[in-house]
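Two complexes come next, and they have one chain in common, chain A, joined by chain B in the first and chain C in the second.
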Partner chain A sequence: MGEHQGMWAKAWRRAGVRWGTGLVVAFVLLGVYSPFIANELALVWWDAQGLSFPVVGDLLNRWSYPKYYDIYFNAAAVLLPFLLIGSWLLRRRWSLVRRMVAGALVVVVAGTVCLLPIIPPSSAVSSASTTSVSGDWQAIWRYRRQSQALITEDHAKAMTIFAPVPFRAMTPIASQILKSPGSVDQTSGRRFWLGTDSAGKDVAAQMLAGARISLTVGLVATGLSLLIGTLLGALSGYLGGWVDLMIQRLVEIMMCFPTFILILVVVAMTGRDIFVIMVVIGLTGWAGTARLVRGEFLAQSVRDYVAAGQALGLGSLRIMFRHILPNALTPLLITATFGIAGAVGSESALSFVGLGDPTVASWGMLLEQGRQNIAYAHLIWLPGMAVFVLVSALNLIGNGLREAADAASE
Partner chain B sequence: MTAYLFRRLLLMIPTIFGILCVNFAVLRLQSMSLTEAMSAGSGESVGERKVGAGGWALESKIDRFRRTGNDLPALINTYGFLTKESVVAWLRSTAPNAGTKDSVRNQREKQLWLVGTFAVHPLAEVLSDSALADLHGPASQALALCAYTSIEAWDLNRLSGKRIQQIQARNRTLRTLVIAYRQTPGQPFSTADEHAAEKRAALVALVADPENAADFNRSGKWSALVTKTGFYDFLRRLATGDLWSESRKEGAFSVIAQYWQTTLVLNLLSIGLAWAIAVPLGIHSARRANSLEDHVTTNVLFLLWSLPSFFVGTLFLHYFCTSTASGAPWFPNKGLSSPDNLWFSTPRFLVDLLWHGFLPMLTLSYASFVSLSRYLRGNLLEQFNADYVRTARAKGVNEQAIVNRHAFRNSSLTLITLSSGLLAELFGGVLIVEMIFSINGLGFLLLDAARQNDAPLVMASTVVSVGLLLVGILVADVLYAVVDPRIRSRYG
Partner chain C sequence: MNGFKVAFLSLIAGLLLYVVIDQWRRPEQMGAMSRSFAEMAEASRAQTDELRKVRLALEARPVAAALTPSVAPSVAPSVASGVPTNVGSGAAVTPTAQVPETPATSVQPVPSTVVPAPTLDGVAKLGVEFMKPMDRSYIIAAHLGGTLRMISSTPKGLNPLLSSDAFTSEIQENCNDSLATHTSADPEAWFSQLAESAIISDDYKTYTFKLRKGVHWQVPAIAERPEFTWLRDVHELTSEDFAFALQLVLDPKVDCEHLRGYYQDLDRVETPDPYTLRLIWKKKVYTSLSFSLGAAPLPKHIYGRNKDGSIIPDNQVAVVFNKHWFDDERGVCGVGEFRLVEFTADKVARLRRSTDYWSTPSMHFDTIEYNFEIKQPDAMLVAFKNGQVHLTGLPPLKYKSEVLDRKEPRFAAADPANPKAGRSGEFGWEAAKRQAFSYIGWNARRPVFADTKTRQAMTYAFPKERIIRDIYMGLGQPILSDVHPDSSAYNSALKPLDFDLDQAKRLLAEAGWTDSDGDGLLDRVVAGNRIPFKFVVKYYANSPEWDNTLHIYRTELKRIGIEMEAVPQEWKELIRVYEDRDFDAVVGSWQMGFDLDFYQLWHSSQIDAPGGSNHCAFADPEVDTLAVQLREEFDLEKRLVIAKRIQQRIHDLQPYTFFMSPKSIFAWQNRAPAGSTERNRYLAGVEWGLDHLHPLKNRSPLSWYFPQ
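Our next item is the complex of A and B:
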């Protein structure tokens, strides 16, 4: 681990890496806290019945957050302050990498707990506040009735604080189509900071939701392609022989295939679901990783420590993944950064050509609306710049890491 | 040189085969969704089944299914070995009292309907056995659907008019001979048709009729193990060009014939453009490495590399192709040529093509020229440090000649290798560009077909675009051999 931290420190000295990291962190924060920035519910509501926080209470409502990944983001939004405090307290005992991994694990576990059916059927809570009729076990994440009062009722009776963007991404307002940035909804007096699209959905809210989508697709797809690529590359490089031959043919086929066409065809044939899209992008993007890992394994497997491991009678898998793989982590990290950038681009391109998930707001879909309504510059510049900035920030990090690694190896 | 070419061609065989396998796998993904569509279409399967005009939408669904070849099992077809007993067991497993889920029973039932001619004889045996009276209803329905022979486009040339009429008449007869039956939850099937006995006899007679014997015979069951499978069928249809496009009501390849040239021209022109920009740029920045100019170029190109092409294309469309208050747009927003280009003289035609193609080409090629010029710069810098360049300098060869005749010649090998890789990206990217600028090319066609779920057309256009790509890679390999004397000498 120490070597990689040294490389990270070297890379951090480059302005590009610092800028890139800053921008990516900004995107992550915007994505994580998007329910608090864009929401039609009030952040704070104080009336005769007392003080309430409708947005927080809504975080695990399936009506408002129908997709699984939203729950992980919401869990992160709630847990992030605590994780930061915990990280600060542990700063002398655990390394940064360890704290980050632990934090990510906490978020994943918390999100999964919210998604799993853990509430027994006879629970009093379930009958009172949900519309569910089945007698099954329920998840904390489920359909709840939304109190319409918190949105539409006269605000004068209560002290309220609303989110800066008082709209939700996927709620269309039929009378407010293609409004320019800064225009005001006459019926409710709320302002569309970045205008609306051709269905009357607020662009600012969609941009924030799009950040969530892009980050999720980037992480999941790249995680999958890294997993496959590492596995196949490791087997190919370490075992050699006919396994190597077969896997190399497979890699060649994947390299030859116009990946975007393949993604498009599979998505068109199987269904325009965001999870299908993520998985397909992941399944088609592993060829480069496999080739890279194979090269690393070929180089490493002639080293003395591998021979020592073999002499000690360690199993192949143990040598491959406990001993050789940590030495190949730096190039993997670099590929992962470029991979996330590529996956973000692919997802946007897919939505742009009209094969994205129609139930989620994404940057590509906004840009597609811009193409169809070509006179509206805000629908082109905003999503386009968002994709560009995120992709180039990730590429900047990847480039910096690569240059640092090259400098270290010379 | 010939040996080298031959070797490269041989290496392509596993690649092509692999790509066909991937294509086939994708096609099967769609077949699953069609089965679901069929189940959704015949939701009345629990409760009383209506067999009338309405119920026979099934026939056309199955017909469409057969046209894509999705009715066949993927790799091995064992249906030739179905016996009366196995068919009886199959039918019983679809009964409401079979104890399995409705969805599973539905699936099994539809699978039997898709078995086709191989199930005809065993089903007829079931019908002629009066001890199995309860199964006569579902067996007659399965028989009617399995014996149903669709007349496809290419059959019109293959078969005689008399034969086609005979098949169509048989299809019509089969439709009238289905024995109505009841299925209620938890009960076995029960026949509910007063003409059951006549229909049964007629069905058995129809199968036994020597006129139909050729269609239903089971002599080829061993060869059918391999040749009546989805994969074989897919390959056969690809090889003979029999893929039928449902959305365009035309053979898939004849649709593609109208589109592929545009894409090829666009891709070739943008590769040319990419080279024309990348080579001078790369040489220039390599010669001035680490100057301020080089740093600026590097950073600008880096940002350009991250710029998504759909964004750039849409911006072009917004700023250059849309008429504003101040006047007409600078560039046309549609197609690669003016509608009246047939009357143009050759120079005017070319200017027109350039005028239309400039923005699409730029959108398509900027990502390529960025990476090409970066690699060229890196590689040239390596060459400048090589011994042979130092020797040339020591001999007093002028700088221009060193760069052009010595260093660049070696670097161009990398460029050619890269170009063949870039081709793959280009074939993906051309889709977006064609969509933005409404160019009727292969990408546009593919997208249209994908949106309409027209699997055969999608498959055919994917295969064609991969084929074009492979040809491009082959050309790059040949160029490689032309530039690199080592290859020429090794392969004589």
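Our next item is the complex of A and C:
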């Protein structure tokens, strides 16, 4: 562990890494807190019935957030301050990596718990389904209707504070199609800071929601490819022999496929769902990782500490994942940053060629809208810049880490 | 290995890059192509000289204008609006009518043969001649000439009986004529074409035609090849050619079910002499009128022969016809104004004015070019802006960006007070009404939509006017029945179910829908089961307009406790959905035909008939009776009474939520093409045509209609 922290400290001295990290953190914060920055509901609502916070109350509403990852992000939004405090309190006892992993675990567990009692909206909406509707869902549905009624009908009677972008990403305002940045919705008097797209959805809100999606795609796809790649690479490198032979042939087969074409084909066959897209990007991207991990394992497995472990009678798995893997993490971390950047780019490219998930507001989908309505420049350069900045930032971090690692190993 | 991967990936990347650049550069390539076309046109100027003779002969006469937005429509609205119409399934609405209705060009005032008499008002009547001569006074001799360039898509085949796509019917319109023709402005009036006279007798069961003499079949383009020298002989059009066509249609061995249905009541065809044709129908049926008068000939001297010119035995003609060599050679042979001189799949089709056409021109152009290469809607607009094509259509979103938002200054700005304001720009544009309508159909087999009150409530919850204004940019006219509001058969007494959520709620409550479990969703008990009010509506994929429309609708329905899920379907899948009746609710659109006919859409026999169009399972005994009655009634007044009653009944029962009849933005070049020395006369007739109904309706009457 210490080695990584040393490397991180070295990398941190590079301006590129600092800028890159700053930008990525900014994107993460924008993504996590997007419901508070862009929301059609009021942040604060104070009327005769008392004070309420519709946005907060809406955070776990599956009607407002039909995608699973949104719930995790919302959980993160609520938990983040507490996690930061906890991290600060534990700063002397736990390493940074351990605190980050623990924080991520807390968010994942919390998000999953939030998802549990709620029926997925797809089955709730589908007429084919005969499932009855659960109590929680009913309560949320009622709440949703009430809060909407509040905003639209009793607006004048209440003291309100609205989010700076008073729209939700996936709620079209049909009368406001393709408005240019800065124009005002005549019916509600709210301003579209960055205009609207061809369905009347606010571009600013979609940009924020797009940050969530890009980060999700990057993390999930890279996580998946890292998982597969590490497993296969570790087995291949440590066990050697025919296992190595088989796995390396598999890797070669995977590498021979032009990845993007493969993704195109799979997505065209399986359907345009964001989870499918993430999984497919992840499933096609592990070959490089596997080779890298194999190399690391080959190098490490002749080291003395491995021999010592073997002499002590430790199991192969224990040696592989408790002893060798931590020492092979550095290159993995570097691949991961590039992997995230690549996945973000892949998702945007997929959306751009018309194979994105139409039910989510991703930057690629905005670009696709811009391609179809080429006369409206704001649909091109805003998401284009966002993809460019995020991918560049990730690459900056990756490069910095690699250089630091190279320097450390010399 | 890695080097190999890099090489392979760069190859793929290079290919992708090439494809992308190729797409971007397409307009330029199109430019190069049209330049090479121009060169070819130059080369064939000698041929054009011949045409000049025709022109000179016309100088003395009053003249013509047919510019033909008709032409655009096949390209523009159908493709561009992104709303496919149910052409394939044939509705009240006769989308497949190439042969019978080929409302081709022509019929000039031929002084020698047609003697105008006061009775010649064009309205079919028993025992006397009634056909009007065609008015070609709109053709201006000085404007004749030039090439009209349009975008189209490669047809599967060119056989007028076997192929039912839009391009084939357009080619037939231009290259072949029918006995008589009629127009959507005045569907009751018939204009004489190949028939000099038509006498109807035996209570509308016998039609006797005297054919025009001296009409010759075109020599097809392939006759220039050495193996087809036998095709160079000139053949006169005779009644045999009509009998040949009709007998093929009636022959069950020929693959033209879509046409055969219209002629199922035709008993026999007689040809007493080469210029007399008699059609005898089994019973009195109103459609016999348009399918007798609209019959078009087929060249027996080609389709009755083998490739080497030998005659096919009579008993084999029908079988051979399905895979005839002339179709393999992409041949087209007619007696019409234009002849097909070139056809290259996925590239171009070119029609040139026939030098021995029997009538005066109905269009100004000498050449019509169909470009098959441009397939993307965006590329079409670019090609139009670059001057490579002369006509295009603008779907609502493009209309908004190009015209309303002034992203293309060469289009004149819209002016709500002046519908003709678009004409003045470098590109002219105008909204034209289309003879079609769209709807949301409610499947009456489903327990949710089985009762009338629920369906009425669904209509009350549909904010039609707002959607037309906000989503379609005003390019639509709300409708209440499947008859166009501008038609004389339209029942103006229908009271619109205007958007009213309270009324919808009231009707739903009367229909037994309540929120009994407090989940915000309505439910009711059907056959012992409590069902929630949830349903799926299927609609066209790739239609941003319908995406937005259904989103608005879903929001309104949510307010009254109804959950609707909108599922886009690819066109082929949607056709299956219609045919298998596999939907709760479905979005659709029909072309409106010439003949008033409610049988196909609404008669209960069509619910389970294979290929039947009553996919919503609408059944009403009164409509059944009236629809049959209407099919047998020839008296105009009585027909209108019946039609209006049927509309009232349909309106009361709301099998569909009728949405709107679309208007298409039709755009044309107002400038001379770059590098052209000739004055721009391509579209000289456009504005005139927009103001005067008939030249346009003569061209593509089913889908285009311009009110005066």
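FYI, the second predicted complex is superposed on the first by the 380 of 410 C-alpha atoms of A that agree within 3 Å, B and C clash if a C-alpha of one lies under 4 Å from a C-alpha of the other, contacts with A are read in each partner's own complex, and residues count from 1 in each chain.
As a working rule, a residue touches a chain if its C-beta (ideal position, glycine included) is under 8 Å from a C-beta of that chain, and two chains touch if they have at least 3 such contacts.
Computed from a prediction, not measured in an experiment: that's the story for all the values here.
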- Message: Tell me the contact category for A:I374 with respect to chain B and chain C: first, second, both or neither.
- Response: both
- Message: Just checking: does A:K67 make contact with chain B only, chain C only, both, or neither of them? Give me first, second, both or neither.
- Response: neither
- Query: Looking at chain A, which partner touches more of its residues: chain C or chain B?
  - Reply: B
- After superposition on the shared chain, which partner residues are touched by A:P258: those of chain B (first), chain C (second), both, or neither? both
- Using the touch definition from the top, say if A:N399 reaches chain B (first), chain C (second), both or neither. first
- Task: Have a look at where A:G271 lands relative to chain B and chain C in the superposition and call it first, second, both or neither.
- Result: first
- Query: In the superposed arrangement, which partner chain does A:L178 touch: chain B (first), chain C (second), both, or neither?
  - Reply: second
- Could you say whether A:R191 touches chain B, chain C, both of them, or neither, answering first, second, both or neither? neither
- On chain A, what residues does chain B touch that chain C touches as well? 252, 255-256, 258, 260-261, 371, 374-375
- Contact footprint of chain A on chain C as seen in their complex: 1, 5, 8-9, 12, 16, 378, 397, 400-402, 405, 407-408, 466-467, 469-471, 517-521, 532, 534-536, 544, 547-549, 551-552, 563, 565, 584
- Note on the structure: chain A partner, complex, touching residues on chain B are 14-15, 18-19, 22, 26-27, 29-30, 33, 302-303, 305-308, 310-311, 314-315, 317-318, 321-322, 421, 424-425, 427-429, 431-432, 435-436, 446-447, 450-451, 453, 455, 458, 462, 465-466, 469-470, 473
- Which bits of chain A are touching chain B when the two form their complex? 249-250, 252-253, 255-262, 264-266, 268-271, 341, 345, 348-349, 352-355, 364, 367, 370-371, 374-375, 377, 380-381, 383-385, 387-388, 391-392, 395-396, 399
- Message: Per the contact definition, I'd like the list of chain A residues that touch chain C in the complex.
- Response: 125-128, 133, 137-138, 141-142, 145, 172, 174-175, 177-178, 180, 198-200, 252, 255-256, 258, 260-261, 371-376
